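One chain, subunit A, links the two complexes that follow: it is found with subunit B in the first and with subunit C in the second.
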Partner chain A sequence: MLTGQILTGLAGASVLFFIAAGLSLIFGVTKIVNFAHGSFYMLGAYIAYTLTEAFGASGLGFWPSILLSALAVGMIGALAEITVLKPVYKAPPLFQLLVTFGLVLIIEDLTLLVWGPEDRLGQRAPGLSGAVELLGTQIPSYDFFLIAAGPVVLGLVWLLLNKTRWGILVRAATEDREMAAALGIDQRILFTGVFFLGSALAGLGGALQLPKGGADLMMDLTVIAPAFVVVVVGGMGSLTGAYVAAVVIGLANTFGVVLLPQATLVLMFLVMAVVLLLRPHGLFGQPERAERGHTPGAGYPAAGAMEKAIWSVVLIGALLLPLAQDDFILVLATDIAVAALFATSLHFLLGPAGLVSFGHAAYFAIGAYAAALISQQIDGPGMEIALASAPVLAGAAALLFGWFCVRLSGIYFAMLTLAVAQIVWSLCVQWTDLTGGDDGLLGLWPSDWADSRMVYYYLTLALSLAAILLLRRAVHAPFGFALRAGRDAKARAEAIGIDVMHQQWLAFALAGAAAGLAGALFVFSKGSIFPDEAAIPRSVDALVMVLLGGVGHLAGPVLGSAAFTLLHDQLSRFDQWRLLLGIVIILVSTLAPAGLSGLPAMIRAFAMRRRI
Partner chain B sequence: MTSPQAANGLTIENISAGYGQALAIRDISLTVAPGQVVALLGRNGAGKSTTLKAVMGMLHLRSGSVSMDGVTVSNRPVHARARTGIGYVPEDRRIFTGLTVSENLEAGRRPADGTDAWTPKKLFDLFPNLAPARDRHAAQLSGGEQQMLALARTLMGNPRMLLLDEPSEGLAPVIVDALAQVVKTLKQEGLGILLCEQNTVFTAKVADRAAIIESGSLQYEGSMSELALDDAVRKRYLAV
Partner chain C sequence: MTRTRRQIAAGLIATFAMGSLALTSMHGTANAADAIKIGEINSYTSLPAFTVPYKQGWELAVEEINAAGGVLGRPLEVISRDDAGKPGDAVRIVEELLSRDKVDLIAGTFFSHIGLAVADVAKRQKVFFMAAEPLSDAMVWSKGNRYTFRLRPSTHMQASMLAEEAAKLPAKTWATIAPNYKYGQDAVAAFQRLLKERRPDVKFVAAQWPALFKIDAGAEAEALAAANPDAIYNVTFGGDLSKFVREGSLRGLFKDRTVVSLLTGEPEYLEPLKDETPDGWIVTGYPWYAINTPEHKAFVNAYDEKFGESPKVGSLVGYNTFMSIAAIIEKAGSTDTEAMVDAAEGIEVSTPIGPITFRKSDHQSTMGAFVGRTAVQNGNGVMVDWRYANGADHLPGPDEVKHLRAGN
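Showing the complex of A and B:
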């Protein structure tokens, strides 16, 4: 039994290694966190499905089909790099991240169009379809093949990186891109090549796991979190690290299934947390080299008379909205008020604190589930108590997880927040006794006095506004100054006595509490809550809102959330709304990196240039 | 302006550049002919390194232009500038510490037009200390060896013009002497060198001309021998 579990875990580790190795290579050279890497893995499985269905009956057709799938995915990756990513290399890292998420959405819808919604089961590998008995357990022969394939691919990629000129240039550029350029190395070609190799590795992973796990449309985002964890535990840019970490995480996953069937991802997270606390750059990683020419972040001056006037008009408009007597408009406006608070809470981390969280949906969901469970337990003032305690509980959770997260910086921080969010998501899905699992929790309506669309809209508006103004106040308080000092010049801030990590920890908790309130308000407006609210796309929605509005301005998240909610409402009427949303995300990131709140400045600059 | 001429070296015309809003250098003009060493002198923070970075394209030019052998390069990306024959050796060396000495040289290799291209063998002759360390990781080298490697790595690109940023900084006097010998050799082979230095002894050994920069502007230009006689200038711009 145990032997079987371990061998299955090792076989899974090989596939995880292929994906993580590609992710790590791409990040090492381009510094891009490629969310679409899971999509390339998914494409590998689907393409291999089509090819092996056509040619895979014999070994002579099967194995070339697998290799061809990997190469095809490599080409798709290179093409995506040339068309979509090249224009954003000069943009801030967050925009590159969003662009890759736009790719996730586009690839998901295209895959659905080409292969249809049903899951696909792959052909067994010819010659490896049997099982071998080992210590009384039947082990599939294919597992042994996968276990062997991991080190073989590791060896081949190692040879490529260490024994070829191309590999030496890749390693040089991984260490210091600018210096590599000063030696005449053309990074554009190098980047495309690395994207080809990295995507091909993901495609190989997808193709090789097809006979075991099949192909489905959830593969892309299911695999990305474990892949991120492996890369982070192994150390960004280290292949050996990725392999060792894949084995460790693969085994942790397996034991997680055995020991904690309610929370299979928890063990993986614990391993990651322990490794990162002991070695903040992973098992084999190097400290991140600070990018040169770091420019300070936004300053957030207090609102001027003009801005105050505009917001007063907006607020009056919001207050008068129920006069329209249109339920649909009120529902949309309530959604916007919730989204505005959620986005503002993330902006507080992203902007003033300079902390890029990939997993802010965790605290939205914790607030939402906390509110739902409390209101179910208490008769009478269930909603009131739920709304009051949700931010406290979400804040407490953020305090707990934040303690780990703020010990890391940059990309490691972002990855850990993502991993935490995946834990929360998996708890929501797997802890069915408490959360109802995929069926969610239903029948959660406001107390009687607030149980009309209009009253609940006013309640949401008032609480969101109060929380947003509180966050805004925090930015302009000494707390906010300390955060910005820590963001722009950590060493100097510490030299004048600011405990930067402590301030960031508090900021993380405050933002978590505000997101928790948004989650609670969300629950009673919808009457239900599902695990999707903790999933990666929800975290990315929040990032899109903040960036759409612009990080450089305190009004940005409010504008961005309104624009995003309206846009989402329009797009979701189409079948291919993911494809459209993906394209919009890519266009906004490429064309208007300062966001909506940056448009006036952009127009001014354009007019100035015209005049000269 | 871009008419291809015979090798006439590096021409910097009225360049200004800076970080964020502020200008760190303004209106700098300099020429470095083949086989000539021009020393860019000045106090810490005067704008010496910034000038080299702006020439190399690591810093966006606000105005002015840079050309190499008659070809305007200031509108090109960093790697294209390197390919026109400008080699850059940064102040903090920036060798690839995860690569071996030989791999560092390979990373810098660019094919040359002529037949007398630099090879690792020739460079190991020029820098004898590097030869026994060729398979060691660059992180294990001493400061002096790292400086030699940084220079050797750039030479592997067969540049016709070198931008050398404080090569003698932090090195033992005996190593500085050896470095001066190397620079003299390179100069005799026809390389033009724009040298940022604080070490006056080293500069006096190798430089033909001197340019003094203060607060981002060029204040003085003349031959090294003129500068040696001009106490007033030296006192005003160089005395610590």
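Showing the complex of A and C:
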């Protein structure tokens, strides 16, 4: 039994390693957080399914089919890099994430169109379809093949990176991208090559897991979080680290299944949180090198008279909206106001503080659940007390978790916030007595005086606006200046006496409190709350809104959330809305690499050039 | 100067957002004036394996109803929307269907939490809601309300059907495996309780909880084998089920053990297994290929003619949902919500698998499921030795329902 668990864990680790290795390579060289990596894994599985169904009856057809699938996915990855990622390399850091999110949507819909909705069960590998008895346990022979394949692929990639000129260039670029560029290494070809290799590895993972499972339309999203966990636990950019981490996570999973069957939802994230707290750069990672000639982030000048005038017009428009006599407009506008506050709170971290959070939904959900539970306990002014206490409680939670998170930086910070969010999510799911579990909490409508859609819309507008203005004020206060100083030049900021970590910690709590208010407003507009609001898609939606709007301008998150909510609402009327939304997101991001709020500056620059 | 221009452009973008808000108010009014409008909502993009057959099922029903002259002389018009698997989106879409499309009732939903969120809106706004697929017992019991009805046999009902069969087995020690979320937890709790009522001598020796759609099948199979139970109760489905079946078979987990498995006989989950379908599992499902009543044959033929494929359980659920709605409106004589609710309580509807009743006590339909054993025929997984388990036999009586629905 022990042998069985160990071998199973190692076999699972190999598949996880293929995916994580590709992700790590791509991030190491291009610094792109590639959300579409799971989609390439899914494509690998589907393509391999089709090929092995056609040719895979014998080993002669099966193994080439697997390799061919990996190559095909590599080509698709390279093609995606050339067509949609190239145009946004000059954009601010992290913006490429938006493009990869668009790719996820497009690939999901195309896969559904090509392969249909049914789950596909893969073929067993010819010659390896049976089981071998070992110490009294039956072990599938394919597991032994997978266990061997992991280190073999690790060895091959190691040889490629260490013994070929191309590999040396890749390592140089991973180590110090600017220096590599300064030495005349053509980054364009290098990036395409890395994307080919990374995607091919993901495709290989998808193809090789086929005999153990199959292909379905949810594979892309189920694998992406574990892949990031493995990469981060191992240390970004370290292949050996990725392998060791895959083994650690694989074994933790298989033993967790025996020892703590209920913990399957969070185990991996708990492991990651512990590793990151002990080793802030993962098991084998190097501290992230501060880039030389680092361009300072956005400065966020205070609004001029003109901008103020424009916002006044927008506000008057928002106030007059009930005149349209259309309840649904108010429902939609309430959703936008909530989303705008949530996105603005994330932008406060992302922009002025320079902290990328992948788990901001945790505070949205904490605020939402706090509001729901409080209003259920109190008769009468339940909603009012709930709205007042939700930001306090969410802020307190952010203060607690933030203390751990701000000790890390960059992608490690992002992943620790994600781990926290997953822990919060699993609490929402599993603490059934308190949260109602998956069945959620129901019947949470506003107090009588605010029960009409118009009144609740005004209430949401007022509270969101107040909170957004407060965050804006914080950006222009000495606090905001200190945050920006820490973001742009940490060493210098500390030299003049700013405790950067302390400032970031407070910023984290403030952003958490604002997100908590958004969560509370959300609850009473929907009447119910479910664990989904703490889950990864909620955090990702907020990131997409902020990036779509543009990190470089304080109006960005408001524009981004309005545009995203309206787009989603309009496009979801079509059958292939994900495809359309993906295309729109990619088009917008290629045309406006500074986000929607950067458009005016672009238009101005364009007009200037025309005049000359 | 440059600054001003930038700000003007910023303002333009901001007003664009407001403009498109106003624009959305323009469409959605030009429909046939006398049609009965049904707002339909489901998780079409997040769970297409089940919801696409469901949609085809109700499309067939609506086509047949309208070809026969509609209901009360009026055609049915369905406005169908995708909720993207998010309860918040679902609530917004329901608001739009009600306030803008002016639908007469709401139907659909798959996921239990989305079903519950929509049911709560139905309760608040006093709108008729025919929940098609959500399985949670809370839909009709602890969170049930006057305006919500549910068609599909619930977690409790299906678990009860299997507990009845399980009690006949000699097995004394049982292990369970279920996805780690509400449906899995409810399905295990109901089965344990109902089996123990019939067989106080059985013991549950292990419970495995893989994360939904993230099963580590080899490890789960090893863990179950380590507990060495006489029989296994399985609740995993979809991709998790395929992986579990494959790893379990390879590792000899199912040898000399009886497996009792929820929903596994449904074509959605059985068909992908093909010749690897395990032999002799006791399952609930839908053997469409073997039900030979004229009504059912007509349904299969019509479905095949329209879509060129065989029906799944989703197809049957979609078809029955809309046939029930038509019957309810016909009986109510109008689309007035209260009249529809009154008409629906206790109504009998004829369906391809026989008559069903929407119970007055809890608004659950008595649509049942088929219980049988799995087998492989011509390389395909099928159900054999099956019988139809009437839902009415697996639901609590009115007194217990009163207790279950207390407090709502």
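Rule of thumb we're sticking to: the second predicted complex is superposed on the first by the 541 of 612 C-alpha atoms of A that agree within 3 Å, B and C clash if a C-alpha of one lies under 4 Å from a C-alpha of the other, contacts with A are read in each partner's own complex, and residues count from 1 in each chain.
Everything below uses one rule, namely that a contact is a pair of C-beta atoms (placed from the backbone, for glycine too) under 8 Å apart; a residue touches a chain by one contact, two chains touch by 3 or more.
These numbers come from a predicted model, not from an experiment.
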item	value
Which of subunit B and subunit C A:253 touches, first, second, both or neither	second
Partner chain in contact with A:606 - subunit B first, subunit C second, else both or neither	neither
First (subunit B), second (subunit C), both or neither touched by A:311	second
A:172 touches, of subunit B and subunit C: first, second, both or neither?	first
Partner contacting more residues of subunit A (subunit B vs subunit C)	C
Subunit B versus subunit C as contact partner of A:442, first or second or both or neither	second
Of all residues in subunit A, those that touch subunit C in their complex	1, 4-5, 8-9, 11-12, 108-109, 112, 117-121, 124, 130-131, 137-140, 143, 212-214, 216-219, 222, 253-254, 257-258, 261-262, 264-265, 304, 306-307, 309-311, 313-314, 317-318, 321, 324, 326-329, 331-333, 335-336, 429, 432, 437-440, 442-443, 445, 522, 526-528, 530, 532-533, 537, 553, 555, 558-559, 562-563, 566, 569-570, 572-573, 575, 577-578, 596-597, 599-601, 603-604, 607
Residues of subunit A defined as touching subunit B within the complex	165, 168-169, 171-172, 174-176, 178-187, 286, 292-293, 295-296
In the complex, subunit C residues that touch subunit A	2-11, 13-15, 17-18, 20-22, 24-25, 44-45, 48-49, 51-52, 81-82, 84, 86-89, 91-93, 95-96, 99-100, 112-113, 116-117, 119-121, 123-124, 136, 138, 143, 180-183, 185, 207-211, 213-214, 216-220, 222-223, 225-226, 238-239, 242-243, 246-247, 250-252, 268, 271-274, 276
Residues of subunit B touching subunit A in the complex	19-20, 56, 58-59, 77-80, 82-83, 88, 90, 94, 96-99, 103-104, 106-108, 110, 153-154, 157
